[in-house]
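As written, the chain order gives the labels A, B, C and D, with residue 1 at the start of each chain.
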Amino acid sequence: MVISVIQPDDLRKVAWDVLVSVCVVLAVIIAPLTIALRLELTGPLLVADTVLNLVFFADILIHFNTGYVTRRRLVTDRALIRKQYLKGLFWADALATLPLFIPAGSTLVGLTRFARFARLARLFKIFVVFRNLNRLHQTTVSSNLVRLLIMVFWLLMTAHLIACGMIMAGGVPEGLPPGLRFLQAYYWTITTVATVGYGDIVPDHSNALQLVFTIVAQLIGVAMYGYVIGNISSVISNLDTSKTSFMEKLERINTFMKYREVPDKVIRRVNDYYFYLWDTRHGYDETSTVAELPRSIRLELLQAIHRDVIRAVPLFRDANPALLRDVMLNLESVAYVPGDEVIHRGDTGTEMYFISRGSVDVLAADEETVLATLTEGAFFGEIALLEETQRNATIRTRDYCDLYALNRAVFKEILARHPSFAATVREIALQRGRRG
Amino acid sequence: MVISVIQPDDLRKVAWDVLVSVCVVLAVIIAPLTIALRLELTGPLLVADTVLNLVFFADILIHFNTGYVTRRRLVTDRALIRKQYLKGLFWADALATLPLFIPAGSTLVGLTRFARFARLARLFKIFVVFRNLNRLHQTTVSSNLVRLLIMVFWLLMTAHLIACGMIMAGGVPEGLPPGLRFLQAYYWTITTVATVGYGDIVPDHSNALQLVFTIVAQLIGVAMYGYVIGNISSVISNLDTSKTSFMEKLERINTFMKYREVPDKVIRRVNDYYFYLWDTRHGYDETSTVAELPRSIRLELLQAIHRDVIRAVPLFRDANPALLRDVMLNLESVAYVPGDEVIHRGDTGTEMYFISRGSVDVLAADEETVLATLTEGAFFGEIALLEETQRNATIRTRDYCDLYALNRAVFKEILARHPSFAATVREIALQRGRRG
Amino acid sequence: MVISVIQPDDLRKVAWDVLVSVCVVLAVIIAPLTIALRLELTGPLLVADTVLNLVFFADILIHFNTGYVTRRRLVTDRALIRKQYLKGLFWADALATLPLFIPAGSTLVGLTRFARFARLARLFKIFVVFRNLNRLHQTTVSSNLVRLLIMVFWLLMTAHLIACGMIMAGGVPEGLPPGLRFLQAYYWTITTVATVGYGDIVPDHSNALQLVFTIVAQLIGVAMYGYVIGNISSVISNLDTSKTSFMEKLERINTFMKYREVPDKVIRRVNDYYFYLWDTRHGYDETSTVAELPRSIRLELLQAIHRDVIRAVPLFRDANPALLRDVMLNLESVAYVPGDEVIHRGDTGTEMYFISRGSVDVLAADEETVLATLTEGAFFGEIALLEETQRNATIRTRDYCDLYALNRAVFKEILARHPSFAATVREIALQRGRRG
Amino acid sequence: MVISVIQPDDLRKVAWDVLVSVCVVLAVIIAPLTIALRLELTGPLLVADTVLNLVFFADILIHFNTGYVTRRRLVTDRALIRKQYLKGLFWADALATLPLFIPAGSTLVGLTRFARFARLARLFKIFVVFRNLNRLHQTTVSSNLVRLLIMVFWLLMTAHLIACGMIMAGGVPEGLPPGLRFLQAYYWTITTVATVGYGDIVPDHSNALQLVFTIVAQLIGVAMYGYVIGNISSVISNLDTSKTSFMEKLERINTFMKYREVPDKVIRRVNDYYFYLWDTRHGYDETSTVAELPRSIRLELLQAIHRDVIRAVPLFRDANPALLRDVMLNLESVAYVPGDEVIHRGDTGTEMYFISRGSVDVLAADEETVLATLTEGAFFGEIALLEETQRNATIRTRDYCDLYALNRAVFKEILARHPSFAATVREIALQRGRRG
């Protein structure tokens, strides 16, 4: 095969697509303009026309040689490519090259009017822009901005067509330079479509065509207005989604606390907790967010997060990788505000904790004296997990803390699967005395 | 019974309903027009009037002979049909046939004015259109488009009535041909209702009737505008539902990864996974989607999907249908991106996998050498399910993969229920050596 | 106590509240009007003014003698009522009765202007209307309509105040009859606020007051427009909630089926199932809907529904009420479309079924011959629940069916709690032979 | 260090920020105004200009000495502060102080025009206002009002800039006093942007600049309109969130009850129940609301709520705190309407109840005679939990009740962990005879 099939995501192909899109937009602007203002196809306009003809023709050839992607797989078989193209955009593309065969020179043989209208066939090519913009909208993450830009683009194009139509309907005074005539028509269109309606340019009341055209333009204006407002509303509410669901949660707990006449101090702590969640993670619950991922990606993600925490724990230094994976898949994230009691002396323990962020105090029996302060990478509460005893010290946060909890049921299961590790844990626990 | 009861979904009946609807629309357009423009009921108008009379009368007769559906059951008992009709639309229908009894000839005996107004009774028939459009909206899947079309229809009808009202209130100059007068009135209505308000046609400031009429028209305009925008917003947000909830999921996981300072490589893989889900199934989770269906339909659906997968597995070739049903009801769909490790050498296995789409590599102990490549229809991981041992090979995806997982707990239950199948599985596992 | 405390929900009190609200609306309409148009307080206006004075004064007295409800409990203690009223609406009410002490006769002593403005104090009474409308909105189920009506009411009131303001600012030509002047001002207000803006009445460009007033009116217009559209959008999306969530479910399952290339026949059946759910219960799942209720109300509700079904089953005829309650609390609703196989010969049974609506066929071994047809009130599938055997017949629906399923685990638990009932079931099962 | 670092939440710093914001707003209003109206920088304007210069310069100095908060931690290291500021707002701040170096006196050396335009550099400082407003929006709970105020602020600022632009484009007649010229321009802007468009001031049709400027202003108007409506819609739907989800729940249960033909009496009771939930807790479920909190805060909250209830129960008077915590964490909130049967004679009991609000009757075997009435702080139903027996009395609510239920499974677990408490419970149960 002399020419190999072009990859659709080849950068040169993407650049070409951008070029074609620009040409289409130009064609869509120029074609109705030449008709409405009865411009002669000479000079720069003739050059532009010829360039557009060539670009559109080349685009068809290139299309027949470009692979396409279906369900994330690239198809490079020429027969399939041809089939796909012929039952799709080919016809719009072909129609758009029609002016090629009625060359500008046809003005010499009296085909002026027809040649001009034939250029309207290029409007079909707008589908290409439509498809490209759609693709852009689908693949970008910051889709809200893209969406608004696409919307503005379509509005301006539609207004352009309406303006050209108004000129053709005779709604703009003749005898002015073409540029000003078009500007006045565009001005009238925006004034109408934006429902401002100054009334300085109005249709001739005895001209049915102009009246009907104005009615249609106004209806299009209403639809465009609805479309603009619908889109902006939708973007605003998208921007707000996480904030809204967070505020609703907050309102719910506050309604509840107000109904139950909870003291102000507690209300303030609960709100503080929620605002901490909002500040640091937009109110999302980590554990459930991660739970949606399939096991292998979840593991990769958790390894990236927990590697440092786990490495800092002496306990896990010699553990084998399979055990570490088991532990990481089962850690649960919990957030605390300053002054919270993570562990209560005398309670029956059900969890051990790793400190991911922040610091905690180990308190003596008087619940006042600080015996020790543990910081990031430390762990506590493991003894009560080995035997079912009561916590023998209270642990209180000094700071906003992100802890990871390891539940007893899960912990036991893991120890059972890895007997050597169980021995290590027991040993270290004995060395540390009877804290936590 | 000479005439049998007509089925409501008989195609001829549906065609008749469409015809009646068209006639109603015509009647609603013509009736106020003749009054506002004081047209004589002669020539084509007289013919149209007579046809409408006959059609509406025939519709009442047909109604008494058409069954109706309540709670998905057809009622064909004439007594019930009569009862249902008499307590429903009959009265609107009957009123609409009133002009029949004040025939067009009444103009001869000086009843002109009354006869004209009596035609307004036909507006009641609009309920039929309302009901039919509603039915259309309820039963179509692409309800958004239908909804917008219905909205446009009501807007144009309302504008028509306002335009006729404006002519009657004397807001449009007399002495013009009736067509142009109506067009000007309609033009004024749209200009007002669309809130454009050029101000080229305004009410007479000393005419209280015209001022009040204009105020009412403007208020209707505001309501219509709100209705249009509300509908378009709602349609836009409906179109967006699945995309929005997908983007929110993505934002959530990305917020989390940013907060936890996850390395870029992992971030890219997680995003790639989500975009694969979006491209292939709009972000929906298959398992929970199917879980909503009742058992029998779920089974039918799963059989349609899994038949090929199951047939390709040698293991299930001789299994009895009851066993296959049990297996199919318990498969869980999981998606993987290229390079994921589905199974990790050394982990304790809890699932076996069927490949529905894509291909995976079986890796040697060095985690590099590819021992074998499995493709669609293959299965792996079954040994670890028979005995609780560790995985003896790592399986890594080559491609975007859709796998079906069969959980050990479920697997054991099924084997217990089908002892012959348990034997087959064990045998094949031995033949394959100790892979997977 | 001579006068007993009035109940707030006493019908006479409600009627009085309605009367007061009407008077307030009248006062709010009349007060600014008399000022703007400089009307003399004579004739009917004087009568109206006196009546308003008396009604507002009486309202204060009545208020001090009306109990109030807080957290669904009626408070009738006069001291508490006084306290509640004095820290609430009393001040607005008191201010509104101010004109009482500047009687209309004050015009004689040159207080005309002040007396007129004092009447504006009655605008404070609008809070009463606000509170009453709010209460109406809270307690009605069809709150969407009420909400729109309340919105229209506020809009018209606001427009009235703007119109009066415009007259005072001199924006309407003098020398016309007062009625027409007001109408023109109201016409200008609506034209402006509805953003129509004909431009036939505009502020004097050299009059700063009129310019500023117009700017403010336009901004109020924008806010009102936003408020109208926001409300209508919200109402439309409320009306749509259940339909939207249903359509989304449908889209999800159809996306899935398209991706998995499920045959058309199955697609049609699945859609048929969902439309049946929509037609009969708006797509809601009965079991989860009822699960939200507390036990006692749930029981009452389920008894109302299942009494007939349960009575029709011979099995339960002699069962004691406690057992029936246990059974009813544990039935699960399932819907089937025609042709579904509820039970499959050879499967291991896990549920028995009661037919609530529709009919099913019991099929012979050839899966064709109909052995029997069971209809509403019948039950089947109970044998497989007693012993863990396979189903010995296939049961296929003839019709759209609503069945209630009783799960084996639950069934066994109930039987254990009621040994006498267990015996009855076993006996009947033997009589019926080995069907189900 | 001579000057210590300023705390960002120091009240004096906050006051300074407010002052700076006000100065920025002044600068943004004055700068374009002086250019558009070609005002001389003399008198009060010169004073204002100098003050602004000084404030902006001081702000930069202060910025270099103010700590900042990142992830809820205060950074006070000067090097980090400098780095943070230099890569952020410093450049906008620096540009805004540019006019400082082109002093007002430059008018003497012919730099008038440049000096005037240089003042536009102050527009950059608007970022400060943007950031401050954003911070305000983030941290306030009543964010809806703040949001609307911020919106109005931006709209008025934008309109101000457009008005100044229109004056510069020559769209307002010259030769009027500057104040009136600006007012007319602002009037035109609002008329255009609010899409009212009276048409009393329109651009010169032969002036391309004015036409283009008007088109741009109208497009900005459409965008602003969309922004206003989008925001108002969003605020309205936020206000409505809890009501909407409540109404949907209500609609769901009512649809279900209508389909199942539930008697009116039951329908009324179910609705009464839901309205009670709405009145007292906006339809939220307490248990799930609290479940989202981490253990330590949940405990604090539950202690605040249940302390009184628990203290009122004789049973718990001598219990140790660890046990009380266990009990409190496991109580479940249930609401009842008057006449509900909380416990049914003969049922197998699974829960004991504490009365938090309301009162219940203990009924004799005839289900009529009231044996006793229990009120707030009482408990019942504990016997059936100790042994698996049937309830020996029916308990019916007199009133709207909030009860807390303690499930048997949980109850047993707690008793097992606290043997001394188990003995107390058994003892009290015996004393009370065989009630409940």
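The criterion applied here is as follows: contacts are C-beta pairs under 8 Å (C-beta built on N, C-alpha and C of every residue); 3 or more make two chains touch, one makes a residue touch a chain.
Remember, it's a predicted structure, so these values are computed and weren't measured experimentally.
Between B-D and C-D, more C-beta contact pairs are found at C-D. Although subunit A and subunit D share one sequence, what matters here is the overlap of their interface residues, and that overlap falls short of half of the numbers used. If you match contact pairs by residue number, over half of those in B-C turn up again in just one of A-C, A-B or B-D, and that pair is A-B. Inter-chain centre distance (subunit C to subunit D, centres taken as mean C-alpha positions): 25 Å.
Averaging C-alpha coordinates per chain places the centre of subunit B 35 Å away from that of subunit D.
Counting only residues that touch two or more partner chains, subunit D has 195-199, 225, 229, 231, 233, 237, 280.
Taken as a graph of touching chains, this assembly is complete, with every chain in contact with every other.
Contacts from subunit A toward subunit B in the complex involve residues 71-72, 141, 143, 192, 195-199, 202-203, 205-206, 208, 211-212, 214-215, 218-219, 221-223, 225-227, 229-231, 233-234, 237-238, 241-242, 280-282, 284, 286, 289-290, 292-294, 296-297, 299-301, 304-305, 320-322, 325, 417.
Per the touch definition, subunit A reaches subunit D in the complex via residues 179-180, 183-184, 186-187, 190-191, 194-201, 225, 228-229, 231-233, 235-237, 240, 244, 247-253, 255-257, 259-260, 262-263, 266, 269-271, 273, 276, 279-280, 334-337, 340-342, 344, 346-348, 390, 400. Residues of subunit A touching subunit C in their complex: 195-199, 229, 233.
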